[in-house]
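In what follows, a single structure is set out as structure tokens and then discussed.
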């Protein structure tokens, strides 16, 4: 975890409060701190431009989903539950496939997102249907548990009625992760949520059924993704057609001017990841 | 985690509710399930009898403290905070030394226990004194954080006033574990605590500041100890004088009849671990 | 490594000299030592019978190839060289794909075997052509080295002229494995080879350019495969169509009576793995 | 392994042929490549000066011995054989203790060096005595094998008669490393040894009994030490008195002018590591 890029605390990010004051990555040009150390060089520019929508995903979304799976212990033959079918969840699902998982199950309330997950070979759980998640897993796998779970939702988790309850996903995942299983948590949990309804949530406290996880010897892995640990390998997987990440997260190229509309669509839950192309360079290649 | 020894759920233990119905280990004779697989053979009986109080600790307390340290990532040169100076905490402290930790700090409210931890080279934090734990760590290390933390308290955690607040220790540990650090949790958290004061605690829910841990990329490791993974190595360390675990957990040999008194003393917080010797065999050797 | 199954030395095998006296696995019935511990249960018999040729490969060939790749550090995006396109090499190649390798290159003298490797997406190097292996790798990858190498040949390695030179493959692999890379060695090296031409080979000594490996910080992993570590995950990968191992190693079902002919064909280098079906049970299902 | 510091090949070193042209570290001043990345900062100068002979060992000899032990799998309760009682061997022996080894055995022909190893708690094997190394191990451990072995000799290995035979140590270690054990090899093996007697040695070829290692599932780890991976932890261990490395490698402070005499003494096999103090700064503090 980088201790240098943010004087306030470990780790940094573009365009986030408290993350080092790096003005957002959605701009014509971006300043790269420690660029001699941070950048990944593509072996061949022409080859890279052919897959540039996929390679763009190396900046954040693909390593984040992949890190969630690595932390969850996804490997050859694993059964995996990915909670949330937003871009992180879809990237995690594609990563789980790449890691050799036997069955990848994605859960969400949003039918469009689930349909998209199904389009590249995932099983799906529609959370708006009746029954527990364990029961729905059992219909797919014959057993009510999976080897590995990944929380791609975070503190904005909602209960069935639509009410926000930030501990919902973690509590569900403890219920369905097998004994000695691991829970990868790329989904963001915040130190404070000023707009939350109740005092506990405002202070960033979750009401976690930690004893359930303890009884099953679970391990929990949180935090920002160490992108450098993964990006060369993932680049190679993209360049050699081992993962179709742009298709998995459903990228669409837009101009910089269309970014506000993109944010508005994203907030409505559209199953799409926007790639902003300030100078129209992708249009020429695509 | 053993899936065979307990039909009710994974894992088993002697003398616990819901842990497979194995009647307690404090008896004249004990039945060993899967004994062809579970038992550890000492290389030489005479040599073993010379260190039998230490070797007795291999059944549970030493691997438990050691597992907490391994999970916390304790290694050469680590700074470590052990929360709780009961037998598990003292075993964890001795294990951290064995693993090469640079500084081992033990925190507790009980002055006798802290004095015992200090007797084998630990730094101590008296929780009844003023100031945060981070401030007390800073007095010892010049920085307010440690590399690794181990929760040897569990759900019976108490706040400064003496009131039970099961999330207290975990919340404190997130505050003082460095970025990307790990928290080992041998301390027990239960799925339900019928005698607790408030509804959340009765249902086994903790009010955890999980966002704080997430912001620091912490990982959390829970559950029963896989004793077989560690017991040969720890036996060798005992036989060759690399750890004085009986001294660290302050063992006292008692008869079976004295066991009720031992439990009563233990509940009062005496800094002592009782070894029950039903047949007086240790007396002859010691 | 099993210390119990063979009084002579660690490890055992069916039908090998010095491997515990377990009479060969090519028989109507087979005795399974420590069967309560050793056997893998399929979740569903009917489902298993549909993929029985693939599942048969779990007994040996698939875990062996997979172990070679794990030892070589094959992971997401790796470039891999598999030396030898016999059944172990083909199983290693299929395993490397399953592990997410970007490019899998298989080298051999036998054109049929290479064609078979190419049939499931491998690049190939024909050792009978001119040029070093590094030059042929460079034609494929633009660089003369790979991340990971797996020796699936062993001591029966041959030089270009056809002469046996047991160190040939290992010396070649050190030349083309990148700095800090790992070499997995499922290929067998023997403690003595009484039929070899020169004294060194008869005594099991190899003339290794070990300094070359040392200068590149290579690590070397040898030995029998710990099948139990891998077989559940690989079974799940087979049952859920993540690997087509029967196709990769080109299985053919034969009767017990046809086994001698199968051995004769195999010795001629036919690119085929024989599954012996003593009771004709596969014919009924296939 | 650093790919940038040496245009000729991976890895670099001060004062070696082919290692990047970095003129030797035995000088009044030294140029540090990539100093923003490579340097380790001591927490407090005054505290550091008190242990400066120990901390000097962080530049090379301590991480090298420690890396050998890590590669060999040394951990809590291990039995370890260190081949060679020169500075690397003594540093490896001290590291093995720090890592919690139960028994550390050091072998050499040089009685002074063995006596020094014994002075900090090692068992010793005098190679000039009769019997195999396995027999001498058995006298110490009751079994003729150890868990872990570390080759701190390299290609200049000598046989009992004093004749150089570069494969001697590796062949001995395979004989006494337990099944599934690991061999750490910080001892240098060269790609060519122009002054060697026979053609094989001149070309850097070793006559290795590789089949013996294969039959025991050994793994072999070679190469330069990645110092950055270890130096912060080892620094903390030194500052907090967990290892007395200056005592273990028997440091002596000399002036720059005395360096030629130091080399001459070292070549005679004196059990001593020289710390060159060009400006007399250590004298003032020591």
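Residue numbering begins at 1 within each chain, and the chains themselves are lettered A, B, C and D in the order written.
Note that in this section contacts are C-beta pairs under 8 Å (C-beta built on N, C-alpha and C of every residue); 3 or more make two chains touch, one makes a residue touch a chain.
This structure is a prediction, so every number in the text was calculated from the model and none was measured.
At the interface between chain A and chain B, two copies of one sequence, more than half of the residue numbers in use are shared by both copies. Centre-to-centre separation between chain C and chain D, using Cα means, comes to 35 Å. Between the Cα centres of chain A and chain D there is a gap of 45 Å. Those residues of chain A in touch with two or more other chains do not exist in this structure. Chains touching one another, given as pairs, are A-B, A-C, B-D, C-D.
Residue ranges on chain B touching chain A, taken from their complex, read 1, 3, 9-11, 71, 155, 170, 179-180, 185, 188-193, 200, 203-224. If you check the complex, the residues on chain B that touch chain D are 43-44, 66, 75-79, 98-103, 142, 230, 232-237, 239-240, 242.
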